[in-house]
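Below are two complexes that have chain A in common, paired first with chain B and then with chain C.
So, the complex of A and B:
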């Protein structure tokens, strides 16, 4: 019976132009989305390269200046901008702390349109509560990007629904179900085979079209076999979930229109409602401290510290006699008080900032705890992680930049207090930033979605057993 | 005959479970959405009030200080939420809410809500605008997809023809039957929103005329959708097909077109990155006068000019402190640089807007979305308006401080301090969002686009659908 079913289904899918239409649609959607993704990645990498090139140019100028000053030649810039002052290096010759795109970054825009991909932490300008957002039109953020993840998470289920909502009901409505009832096959097995075959063909089409798109756009899938297979398995697991849902609804509900409506309702629930409800509950249960009030706090601390800066500096030097020992000039200028004021403000604000990060982490934990309620959320997050554009990735980058900015600032502290002159030999000792990407796996996500599919499938079987065969076979 | 068709269709809708269930779900969702938004609105405005007062106190109590130090210390402008954000949150989640106003620099608004949330925030929120813009059109499709196909499927078409009803009346009756429930839900929602808002204390700029305009915008949007659904139902052979086509239209109009527009807009008219923008500004700033660098070429030039103008031969003989004067001149140059670069951003955004409007041909959703957020003062335009107002205030504040420095101190005396209670003379920052008429005049093209959709879809419906 399976052989007949296989042949009949293939013929039907070809005759109804399902396969042709699906291939064309997938090719079009995947192609357009991948192209968009690649464009964004290119933009991102180009910006980073330009910044690094500029920084290198800038460094060359610095070397020249140091050279000239070393040989006591006249230079064209005022003395307060001479790179022999370590503070000038700390402020005007920052390093680029970049977050380069990962190989599969084009798969999901994720948070990449919202956050910046490179920072240049300076000693002076880097704020206590530095903002890491990018200059993007908020309209773009609101509408989102047409990327591969959108096609997979939002559109693919709709395609599946459109082609599987009436597998059983169409037979009933056209009257051929009774004929089928006379065949030696159980109805649920028959529906399962029919949907299984559709899933099989869809999988073949997804793999082929993705391969074609990747090859056409110059992404070598073979070099990144593991990542490519990961992407495919995630997509197929997600598709399987929707087929399982179609199976359940086909057996459970009844008329074509009602099936379509139920499946659509479920689509809204899983893709639109559950994510927003989880998010909203997360931010209600673990509200982030108001940024406006945080600004108040920072400003208050800042004002207090500035009023007492001389006293603070004295105390600081008393605690750090090493800074006084090596310095014979004992000159105190603006930078001395500035550095110590910054240090104190930072230390006092730290609990506020930590509280903020902690609440955000709690929200993230909340999401992790409940995201299995919607396979759409699980899949979207898995794809974001694959692309290195998830919230966690940007949080990781932010922490690394903050650490680096700390290192950068501290590198100059002894120089400032010892009134050291910056020389060419010091260049190679300057701290250097290298982004360490997160090593996420998506096996968890994969098994979650597969588990959900299995659950829905079992529910389908149960639904069938509750409903007697006669009711299902009954034509109106 | 219109009323008979109407009452028959309404009865039919009410008898069917799907209508009642969907209506109840939509109303429940709306209730939740309104509740959440109202709470958020109150919360944010309370925080805003506290933050504003504390910041003002920080400014007022900074003690005796050189005015230019105070200028560097700066102050903050906070963006309030507007009453109609209760109905449409627009881009509010993605725009910064506080701007640091300091000497020499125009800062971007910082700290958008979305950046402070998990990645799930990008799926969208359960807010009234989500229901108004996405769910209700879907409801229209679910209620209306088989309006005409069912007559054919049930064989009632032949009976109908024998009644001698005109196509026009027939369609009109069905149209009204579909429109009435949608109208009722939306009307109740807007009425509740209006009552809630007019009873909130300090509701500020809320007025009923904006609310009514917004209501009308949505009514036009729904009418367009109803026309499309009826047209599809009349042309499709089977109910199932009508449903699938209707859904495809919904997907393209509400999901695909906005995203496509976004990709086209950014690819063709890109924004610079925040760093590139800052560097471009810095380069232009260095080309002109810097108030902190009296040795610069431009500073020397200014010095010669001022000396010549007042006919004196040293800066200390001037009737004012040249330090303050040059600081103000530098400030003016920098403000011009910012003006130029922000104008470039605005031009880019203007071009992006044209991309969105071109794609509005594909989607009545786009002009509705833009109109709705404009009316709610939660659009990008209002954000610009707020930014510009803050910048204007910043420039005025810098002038006040620099002039005070120039007029009251001696040249070279950087230790001079203004009185501790001088700071209160800086007027506080007041911001008024754009009025209804100016919002509408800025959105003429969106009004025209939406109107075009209405006329065209009505025309198509009544001219091409016949009883046959």
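So, the complex of A and C:
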């Protein structure tokens, strides 16, 4: 039966206008989404490049100023802005801590709209509560980005539903199912083969379309074969889930209209409802501490600390005799107090920060625990990981920036307390930031979606066994 | 070839078929006559295994249908009132598909021979079914039965809606199948056609087989009278 099903299903598909239209639509959607994603990545990279160029220009000015000051020439800036002061370097000549785009970042750009991709940590300020989110267009926040992940997670299932909702019911409604039912075949096997062939057709279409789009937009997939194959397998696993669902509904429900409504209902559940409920429950069960309250608490602590800053500084220098070598009360300035105040404030706020991180981790654990309920969540997360734009990626970046910020400040601590003059020779010793991306794998996501597909398929078989007797004539 | 023993089907207390006992042997054409709702189609659906009997049994080639649903279908062919095939495929392709999934692999020439035997004009062989009339589609249905080499043919009002010529041609093909030893059960409203091509006739009413005749022992007018008397009784009883 398979040979004949394959041969004639393929002929019918090739002769169907709807299939030709769907192929064109898929090409258009993938093409536009990839182009859109590339534009976003380009914007992101351009912003990073601009910041880095500006920093380089700044460094050149710094070198010139240091050179002039070294030769005791007159410079056109006030003395308190001279780069010979380490704190001027720490505040006015920061390094760019950038999170460059991964090769496949264009696949899922959704999260990238809401996060910054470069930071310039300074000595001044409270970097440990730094905000990493960026204001973006409210319209975009409402609808999300039209990227490949959006097309795959949201729109591809709709195309599959349109492609598969009436595989059995159309035969029943046209009358040809009675003729098929009179043949020595198992109807569930016939439906499975028919859907299998449509899945195969869609797979070929997806692979060819993505290849065409990638090549047309200058992303050679062969250079990143592993990532490309990963993308294809994730998309096909997700598509397989929707075909398995169509198999279940075709055998379980009945009329075409009912099938379509059932599948659309399930689309709402799996793509919209479950992800929202999981996220909402995570936020309700493990709410993040209010950022406004945290800032208030920080200000209160700061005020308290500043009242006793001299005493704190004395204690600090007692504990760190290496910084007290050149200390005289006359030489103490604002930065001496600032540095120690920062340290104390940070220590006092640490429980609040830990609570924030803990709640965030709990939220993420909650989502991880229940994400398998929706293949859309699993797929979106896998695509985000592939693109390097997942929550874990941004958290990883945030931690690296916070660590770098700490390193940057600490670099200047001995200079401040030892009253060191910053010179050209010190430039090469300045801390340098290099983003270390996560080495995420989506094998787990792939197997989760395949497992869900198998579960739905088995439910389809069970549905058939319960209703096999009236499958030919069923009208409800 | 086709046997039913006290075959009964009820739908929530409503009797659709009431203890039907039939025996159609090889080379016989049994015509089931009756008004709409008499139980003709229910009997055919039970023989096809599309529905389960409430009680009794149906047999095709001595195999009980509901215990061997797949096996019995190797022996039977079925043509419904409105034979629907795949409109985007040609007659040859439809025949190849249906005979193929039934396990009969035929060459291109053999497929065309079968279509010719069913009475379809050769210039229609490679035309898409969407351009076919009902009569032409019924011929492709006959071709599927021929290709399958079926021993049993179940027909559900196959000549309904056919023009007299197409109906006559259909009758001729059934006669050919009869000579090949095919046992045919045909549900129909057409008394004239039943008398012309049938070997046996049964009149059904309210799910029951009221009367049976051997066709050669009854004239058309006698058959018509019996049928009308049964229907009249039905109307009076209503």
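FYI, the second predicted complex is superposed on the first by the 455 of 476 C-alpha atoms of A that agree within 3 Å, B and C clash if a C-alpha of one lies under 4 Å from a C-alpha of the other, contacts with A are read in each partner's own complex, and residues count from 1 in each chain.
Everything that follows uses one rule, which is that a residue touches a chain if its C-beta (ideal position, glycine included) is under 8 Å from a C-beta of that chain, and two chains touch if they have at least 3 such contacts.
Please read these numbers as outputs of a predicted model, since none were measured by experiment.
*Asks:* Regarding the shared-chain residue A:16, is it in contact with chain B (first), chain C (second), both, or neither?
*Replies:* After superposition on chain A, A:16 lies in contact with chain C alone.
*Asks:* Which partner does A:432 contact after superposing on A: first (chain B), second (chain C), both, neither?
*Replies:* A:432: touches no partner chain.
*Asks:* Using the superposition on chain A described above, determine whether A:282 touches chain B (first), chain C (second), both, or neither.
*Replies:* After superposing on A, A:282 lies in contact with chain B but is clear of chain C.
*Asks:* Taking the superposition on A as described, I'd like to know which of chain B and chain C A:181 touches: first, second, both or neither.
*Replies:* After superposing on A, A:181 lies in contact with chain C but is clear of chain B.
*Asks:* Please indicate which partner A:56 is in contact with in the superposed arrangement: first for chain B, second for chain C, both, or neither.
*Replies:* So A:56 meets neither chain B nor chain C here.
*Asks:* Which holds for A:300: it touches chain B only (first), chain C only (second), both, or neither?
*Replies:* Touch status of A:300: first partner only.
*Asks:* So which one touches more of the residues on chain A, chain B or chain C?
*Replies:* Between chain B and chain C, the winner on chain A residue contacts is B.
*Asks:* A:424 in the overlay: touching chain B, chain C, both, or neither? Say first, second, both or neither.
*Replies:* neither
*Asks:* For chain A, which residues lie in the overlap of the chain B contacts and the chain C contacts?
*Replies:* none
*Asks:* Can you list the chain B residues touching chain A in their complex?
*Replies:* These residues of chain B touch chain A: 18, 29, 36, 47-48, 50-51, 54-55, 58, 61-63, 73, 76, 78, 90-91, 93-98, 108, 110-112, 114-126, 130, 134-135, 138, 142, 145-146, 239-240, 243-244, 247-248, 251, 255-256, 258-263, 265-267, 270-277, 279, 293, 295, 345, 349, 352, 356, 380, 383.
*Asks:* Touching residues of chain A toward chain C in the complex: what are they?
*Replies:* 1, 3-5, 7-8, 11-12, 15-16, 174-176, 178-186, 190, 469-470, 472-473
*Asks:* Along chain C, where are the residues that touch chain A in the complex?
*Replies:* Per the stated touch rule, the residues are 45, 48-52, 70-71, 73-74, 76-78, 80, 82-86, 88-89, 93, 96-98, 100-103, 141, 144, 154.
*Asks:* Going by the contact rule set out above, which residues of chain A touch chain B in the complex?
*Replies:* Interface residues on the chain A side: 36, 39-40, 43, 47, 50-51, 54, 78, 110-111, 114-120, 131-146, 150, 154-155, 158, 162, 166, 170, 256-258, 260-261, 264, 268, 271-273, 275-280, 282-283, 288, 290-293, 295-296, 299-300, 302-303, 306-307, 356, 360, 363-364, 367, 371, 376-377, 380-381, 384, 390-391.
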